[in-house]
Amino acid sequence: MLSIKGVSKHFGGLKALKEVSFNIDDNQIHGIIGPNGSGKTTLFNCITGLLDVTAGNIYLDDTEITGIPAHEISNLGIRRTFQQGKLVPSMTVVENVMSGIFDFSRNDIGDTFFRRPFSKSKKESELRAQAIEMLDLLGLSASADRWASDLVWAERQFVQIARAVVSKPKLLLLDEPASGMGHAETQEVGELIKKIKEMGITPVVVSHDMKMLMNVAEMVTVLNFGDNIFEGTPTEVQKDPGVLEAYLGAE
Amino acid sequence: MEILIAQIFNGLSIGSIYVLLVTGFNLLLLVAMIIHFSFPVVVVFSMYISWVVMTLTGSVTLGVVGGIASAIIVNMITAPMFQHIMKDRGSVDINATMVISMGMGMVITDILSHTFNQGFPIAFPDALTGNDQGALISVGLVSISRGQVLTLVIGVLFVAFLFWLLYKTRAGRAFRAIAEDPNGAKLVGIPLLKTGFQSYALTGILGGVTAVLMAVLLGSASAGLGDQLGHKVLAVSIIAGLGNLTGGLIIGLLLGILEAIIQGYLAGSWSNAIAFIVMLVVILAKPKGVFGSKL
Amino acid sequence: MAQNDSILKINNLSVAYGHVQALNDISLDVKRGEIVVLVGANGAGKTSIMETVLGANVPVSGDIEFKGMHIGGVPVDKNVRNGMFLVPEGRGVFSSMTVMDNLLLGAHHNLKNSTEKLELVFESFPVLGERRTQVAGTLSGGERQMLAIARALMSSPEMIMVDEPSIGLAPIIVNDIFEILVNLNKEGYSILLSEQNVYKALKIAHRGYVLETGKITKSGTAEELLNDEAVREAYLGA
Amino acid sequence: MSLTLFYYLAITAIYILMSWSIYIPYRVGQLHFMTVANMAVSAYFAALMAINFAWPFWLVLIAGTLLGALIGFLVSNAIGDAPCFAVVIVGFTFIYLTKTIIENVEAFGGPLGIFSIPKVLSASADNRTLLLIVAYALVLITGFLITRFDHSRLGRAASAIFIDRDLAVSFGVDVKKMGMFLQTWASAVGGMAGVMYSFIMRSVSPNHFTFHLIGICMTMLFVGGYTTMWGALLAAPILWGFPLILPEALQSWNIVIYGVLLIVVLVIKPEGIITRPMVKKIESLLSGKRKKV
């Protein structure tokens, strides 16, 4: 699905990523872990095109996506969520989810601006239906018409995920989806990630919640100081001495 | 050639006014995180107060004191307004401070155009400007007035003083720390609110001195002057890079010289427009400023 | 004073950021002359505890005592004056300012005797003395960490809180930093340390607390924790 | 219809259009004061074409609007995704430039401006009625298009850009294209307002297009509420109208009143008087009634 080949990212003298290479396979939940400051979010920003890589290449299936504008990468089927739970507070929940689908084409201009007065746009109704369906799936349909500014933290994360999933991407990058959540909510996130995989979307999860991550992930990549130091199944990761050293400083 | 030399000197003195204004603007931006677009309007307001005191009392000294005092007072009174919308710094759109500042500019400019001198431009007495004493130096076409020399000398001294204050004193260290990283500054125990107010007071003094220098150099003022200067100051600081003090110094002087040279060769109000076009080109070519933004 | 051997005592502290509960009913104490380490994964609440003690966050409920005084809701500058200082995560030195300026910022609340204090600091950290006029941004990671610790000393603290000093540092340099902390402790400074490098930290500490999503799940002496499976679990989830 | 009423209604329409022309690019967080320059350019263009070349009103209206759009489009190529401050400065530059040219070039009438722009219809009363109908038709059309925009995928994308550009990009929104589109549209509205202004006042002069105009439109937008288009629509007639009923001595202080109002609203209720939840509530009340019937 996605292959990362020798990607480096330098900020001035700081080397945030050093020749990171790994593959993300189709239809498999891929976890990325690493101590604080090991370059996980930087890696996401490089994949989604928000940052230009210093060196290296990234391929989605067989097309190279390094260097193309971020919004085009998104349209190729790579969506992400943000750690801070960014929503548009002045829109309702369902509008926030609808905003995840943005495939505006030339034909839509007529539909948007020059419909008959008082008539409803067919495409808008379709989008709303899709968004409601997505909210139903997450058990959030009761909140559809609430303002995003009124949501509590955990709900924001869920709405964010719904907004990314609703466009049916190939790859979904989840940046700390369980940050700031309690135990029960974290488990819900885990279940949700599994559900997303069943929909044919490949989730990639960065999380510091090891219990949840080790539970859902089928393959784990460990980053440390911008290097990828290990790759394997969760059980292998937990036994690997290099990983233990990175995390616990064991000798 | 002589015209060129004369105009360069003219440009340096008006440029030093721009530098003072831009420095005040940048200080407020860096330390208090507000885009005080109308800072020059406050300065023009102080010119008017100074003029009122001079005409009422007949004393130039009192006028100078009054002008400086009024700038400090206006800055301190308006500070809470800005502090209010900056209460949770970072989450508030910095544009909001710009819009509020524009509103302030509207109010002050309109008051100036209604009340003082029935809205007519004011003229400062010769005792302040020294225009009656003729040129200080005069060689051929080049003639340099007392006011020009005074502005340049005091302007340079004052900017030097500001740089000393910023780089060599305890308060300046705190200013720079907040400018670089407000949260980090808070963690080492610098009181953000108090330091913010100090920066308002400091820019107030700066504004007052600038007002007096402008009175000496220009000899007159009108209500619209503040708006015009406000736009130029914003443009200079964007071109230099928002918050870049050294950059503001260089671009401010260059703008003064550019305008003076255009004025030397072209009649009418073209100098404003041409200066803005030059700035427009620079902005489009280098959106982050020639010297890099410090924000 | 009943607890005159405790320099810091936290009782039932809870902290929230907006809707997010960051700390839940935390109780801990630091005795004079101790190194206490907070252990837990990212986001467990170590930084929140330190920032709340320092006064940068306002607690929802609970009580913080420093040297027997109640300091819940007291602003940072007063707490710094009272004798505590935080060495923030990621070092938090001002990279556009010189080493000298950074050190003097540590003594911002009290510049008396700052020349003598500077001399002492340069004696213990000769590297910083050599680079006093350099801009902090040009220092290496380890030197920055030293600068951040030296800046704390400039404030003449009684208790230093050190947040994740090992982040992004090579193992050899981490050893140096830990040695510095041990030496400071011998000189009489009480230290509250948070670390992800658990085993190294526990080896220099007297006592420790294990945090998981805003709660303390385990506490005890360093030796007890070193041999406890719960620590491993808090990190690797197994 | 009395002359006072005509001017009140007609100028209100102009202010609504101009406030909207600032609202449109502010959807993505840009204060695009360029539209005031567009208004001036198209107003002068209309005056010159109508006097010197006897172009008919309708042709001038269309050409003036397109002229605004063209200038706006060309400029937006450079500042489509620029930060707010840079956009503000570009706007000021164009206003200074326009003002300098119309003040100094003989053909544009200098500081006095251009007089005696022809009426559209020969009878004064008919002329006024026609202009009012056209002005409010333009308000209606523009308002209709803005509502359509706000209730569409484009509007949601713009709201996302306003909050955070990286966020919008992550849905696949082209930030620069969106900025260019909105700026071009706003400039077209500015040009349209300029042509109407020319024919309503029947004279144009440099003092009509000052920084006061920016201040007034900004007050209307921010006091009314910048999160919906309804704020400006409601605020324009009230803010423009109330100084007229004030005692004579207070009337000339309107700018001070605007400024104070702007500051007070921004400090107390930053999102303005009319907010999105309020509009939503009214909409659902209205549609609820329709369902019952």
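Going by the order they are written in, the chains are A, B, C and D; count residues from 1 in each one.
The criterion applied here is as follows: a residue touches a chain if its C-beta (ideal position, glycine included) is under 8 Å from a C-beta of that chain, and two chains touch if they have at least 3 such contacts.
Since we're looking at a predicted model, the values are computed, not measured.
Q: Going by average Cα coordinates, which chain is farthest removed from chain A?
A: Of all the other chains, the one whose centre lies farthest from chain A is B.
Q: Where is the C-beta contact count highest, in terms of which two chains?
A: Top-ranked chain pair by contact count is B-D.
Q: Could you give the separation in Å between the centres of chain B and chain D, each centre being the mean of its C-alpha atoms?
A: Measuring from centre to centre gives 31 Å for this pair.
Q: Roughly how many whole angstrom separate the Cα centroids of chain A and chain D?
A: Centre-to-centre distance between chain A and chain D: 40 Å.
Q: Between chain A and chain B, what is the gap in Å from one C-alpha centre to the other?
A: 48
Q: Between which chains does touch occur?
A: Listed in label order, the chain pairs in contact are A-C, A-D, B-C, B-D.
Q: Under the definition above, what is the set of chain B residues touching chain C in their complex?
A: Against chain C, chain B makes touches at 170, 173-174, 176-177, 180-181, 184, 186-191.
Q: Which residues, counting only chain B, touch chain D once they are in their complex?
A: 35, 81, 84-85, 93, 95-96, 98-100, 102-107, 109-111, 114, 227, 231, 234-235, 238, 242, 268-270, 272-273, 276-277, 279-280, 283-284, 287
Q: For chain D, which residues count as touching chain A in their complex?
A: 144-145, 148-149, 151-154, 156-157, 159-160, 162-164, 166-167, 169-175, 227, 271, 275-277, 280
Q: Going by the contact rule at the top, pick out the chain C residues touching chain A in the complex.
A: Spelled out, the residues of chain C in touch with chain A are 17-22, 41-43, 89-90, 164, 166-168, 171, 174, 196-201, 213, 231-232, 235-238.
Q: Give the list of chain C residues in touch with chain B in this complex.
A: Contact set of chain C toward chain B: 51, 54, 56, 75-77, 79-81, 85-86, 88, 92, 94-97, 101, 104-106, 108-109, 111, 151, 155.
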